[in-house]
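Take this structure, written in structure tokens, and hold onto it; I'll ask about it next.
Each chain carries a letter (A, B and C) given by its place in the written order, and its residues are counted from 1.
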Amino acid sequence: MAISKDEHIVKRYDQDLTHLRNLVLEMGGLVEDQVNRAMDALDEEDIAEAREVIARDQLINGLEVKADEASISLVALRQPLASDLRLVMSLYKAVTDLERIGDEAERIARMVVHIYDTAVSPPSNKLFRDVLAMAELAKAMLHGALDALARVDADKAIAVAQSDHDLDNQFQDGMRRLITYMMEDPRLIGHAIDVIFMLRSLERIGDHAKNIAEYVIYLVKGKDIRHTALPEPSEQTLQTG
Amino acid sequence: MNTTATTINSATHQGTLIVAQAEAPLKTGPRVIDYNDRRTVGDITVPDPKMVCRDVNVYYGENHAIKTVSIDIGNRQVTSLIGPSGCGKSTFLRCLNRMNDTIPGCRVTGEITIDKENIYDKNLDVVQLRARVGMVFQKPNPFPKSIFENIAYGPHIHGLAANKRELGELVETCLIKAGLWEEVKDRLEEAGTGLSGGQQQRLCIARAISVNPEVILMDEPCSALDPIATARIEELMDELRENYAIVIVTHSMQQAARVSQRTAYFHLGDLIEVGDTEQIFTNPQHRLTEDYITGRFG
Amino acid sequence: MNNNTNPLARKDTTAIVRAGLQRRYAAEKRFKWYGLTAISIALLAVVLLFADILIKGLPTFWQTDIRLEIDFAPQIIDPDGRRNPDDLSLADYSALWKKSLRQLFPEVESREELRSLYALISSGSSLQLRDRVMANPALIGVTQNVDLLADDTVDTFFKGGVDRELPEAQRPLKDDQIAWLDKLKAEGKMETRFNTGFFTNGDSREAEQAGIGGALVGSIFTLLITLSLSFPIGVAAAIYLEEFAPYNRWTDIIEVNINNLAAVPSIVFGLLGLAVFINFMHLPRSAPLVGGLVLALMNLPIMIIASRAALKSVPPSIREAALGMGASKLQMVAHHVLPLAMPGMLTGSILAMAHALGESAPLLMIGMIAFIVDIPTSPFKPATVLPVQIYLWSTLPERAFVQRTSAAIILLLLFLAVMNATAIILRKRLERRW
């Protein structure tokens, strides 16, 4: 019996799976772009850019609907099993997380508009220090998660999942710092709250990126590692089925 | 910036990423990736096994049909045997009640025990074995006799019913267990072959349980039935599981997934993988299993 | 797949197909005509054959009698008046009807003329009268009208088989005989009745007395023996070979030999019967017993083949079901396979019996061709069978025997039809489609 590993007997099945994968990855690229632009808008105080980010969230929502439809029809029509099942379910869940990340990017963009599109003087840059630092890590995590998803690379996904811990630490640090600022100068409270929202969004983005990374690990290893102590997911523990 | 949602590889933003996507092969491989590694993956044992098979080999003349297969058949659970045509799953099933004895030139080696008794032992009577290990076949094959006689035949030849009244009760019980009583209670004297396909197969199941077996073997019991009849049989199997060990051969992976608790994958006479059904169907450990389950055989 | 262009894509396939249609339909029509012609020829042949046989044979079932007033004179039958059966059976009964005839035609006097007058009545009439008297001695001394068998030439004449226009020398009946017969007829002394004698009598040199009864009984005895031997042995052999025997070289050889035996010319079985049953075992010659044995031997291979086919046609799923329930092999066969195969076996055996009924060659070899007047009372008595009887009669020149040959053929065909019908009815009855 001839055995060919990489293709299904039903070619249409392969096409459907590829279509879903590409939809999700396209969505991922778009979402990553949104986050980058939102942060750029903040960095450069570019209200027009921020408004565009807000407008483009619709694109992401549209892609989410499409990807969901593709997933559901795959499940209904092809009844995927084993790795195919894990792929479809992982992508299906990743879509939700991507859409949330898109929402967070939109939220940051709105915040940029809110902060800079007023007569009130913009906040001092020291408030944004943690935001920009966290943004770098969150963006790196998102990029890593999407890359892991695109390449189906469990090692990369594990690295992403592990760096969520750092992001959480940065978030805690940033919060502490902002509270200090607010206690020192209550006039900063208004702006500080905006910044807290941004920090919160970035932390969420990291969480969602971590979720995506975990789906990739599940996809590759067939093992759900969520809500388990992550630190050392050695090859051995992951492979015992 | 005006990316329409439909274009897939529009490399306008984050182009590098998307290009990488299209080329990336899926590396969601199972643990054993060598196609030529035919050692069984997974735990062949179960706690409290009903039947234990060790190093079973079956030859049809020169043809080595089953190659050193070892597996336990668990009590009160459904074990499904899956695999491509000619993989030996039916042959293996037929070893369990020595139906292979009827095939000329068939030779079985190794050890198969039921409750620690070797079924290929010279002292074990094959007639008695078949009363303990019942069988349901692919094509519904009721005897060309009445519904009553179909069920009564087994108890009759084994002398299980003391008198007519007891026999009648036995027939009723079996039909009730097989979920057929309500449909046929008014026409027990009519031909069993006059029933619909699904009813015939349930009649065959009722007939199989009429001699109070411990194990029921089913050889693709639903392959000739429509989905509704199939669902009835599957529901029936789920009920029977409470009292019997059931082994089912099926070509439908969905059916194996629905009805069984353990699944064994055969390939060209080798037992490739055995494990909990859920694990086999979400995360098979052998590449051959993975390829079969996901439909990748060329 | 994408670049793999279909060579047909370049052509107008519909037009090509349409162009070929005419030819195809013509061929189909031609074939239909061939078939119709073949069947018509066959039907015509059958119709001709049957018509010929019926036209020739049917008159046999009626027989011309001549009514004579017989005076059972005691001085002729029982001169000493002791009514001793031995004496009665030895009396000259021909004198009775000869006397009656002379009284009817007093003008006939010369010996020559008298002989041709007496020739009108069957020579068997004396026996007819004797049997009458023996059965009822009280008849002695009584005068009674008795229907006596006419001679076969007279019978043929009355059935229109003799052309009056022919010159006298070419006619079986002379002018004066015809004149006497016309007179008898005018007086209402001649009549035609159903020929029961044809069914009850044995063979005879005299056509009007010859009957098929002996051959019929012989055939029945022979077939009974054939059936009672070949059916059980054939079925048992078939069951063993089909269900129990292992598949190996020996069973292969046996199977090939059975098939070959079925094709062995039947005369060879006759030779075998002659050598084994008669010369070696010294069974009675010409007896239905030996005929039955020979035919049973001849039928066995056919029977085994038919029974095996019937067993093979039982779906294996039934066997599996029975074995799967824990039935032993014998139980499987007895409870499930045999009942399902029985209609086929019965049909096969009836057809084989019909074959045996029509068989004559092997029976010639064991002496069942002898001229036997007595109707056999047991399978050990000499007898003949229907086809052999037909053969015997067909060699005789008298016109009445030609008719009897055809009549016997009708009877034989009737028997075959009845047996085949029985086979069909049995199959329909037993073959319950569950």
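Everything below uses one rule, namely that contacts are C-beta pairs under 8 Å (C-beta built on N, C-alpha and C of every residue); 3 or more make two chains touch, one makes a residue touch a chain.
Just so it is clear, the model here is predicted, and its values are computed rather than measured.
**Q** Counting only chain pairs that touch, give me the topology of the graph as line, ring, star, complete or other.
**A** line
**Q** Find the most central chain, measuring centrality by the gap between its CA centroid and the centroid of all protein CA atoms shown.
**A** B
**Q** How far is the middle of subunit A from the middle of subunit B, if each middle is the mean of its Cα atoms, in Å?
**A** Their C-alpha centroids are separated by 44 Å.
**Q** Would you mind pulling out the distance in Å between where the CA atoms of subunit A average out and where those of subunit C do?
**A** 101
**Q** Averaging over Cα atoms per chain, report the distance between subunit B and subunit C in Å.
**A** Centre separation, subunit B to subunit C: 61 Å.
**Q** Send over the residues of subunit B in touch with two or more other chains.
**A** none
**Q** For subunit C, which residues are shared contacts with two or more other chains?
**A** none
**Q** Can you tell me which positions in subunit A touch subunit B when the two form their complex?
**A** So the residues of subunit A touching subunit B come out as 1-10, 13, 19, 21-23, 25-26, 28-30, 32-33, 52, 56, 59, 62-63, 66, 79-87, 143, 146-147, 150-153, 219-220, 222-223, 239, 241.
**Q** In the complex, go through subunit C and note every residue touching subunit B.
**A** Touching subunit B: residues 246-247, 315, 317-328, 331, 335-336, 340, 432, 434 of subunit C.
**Q** For the complex, give me every residue of subunit B touching subunit C.
**A** Subunit B residues touching subunit C: 97, 99, 102, 104-105, 127-131, 134-135, 137, 139, 141-145, 153-154, 157-158, 191-194, 204, 207-208, 211.
**Q** Over in the complex, which subunit B residues touch subunit A? Could you list them?
**A** Residue positions touching the partner: 1, 3, 5-10, 13-15, 17-18, 20-22, 24-31, 35, 42, 84, 253-254, 257, 268, 275, 279-285, 287-291, 293-298.
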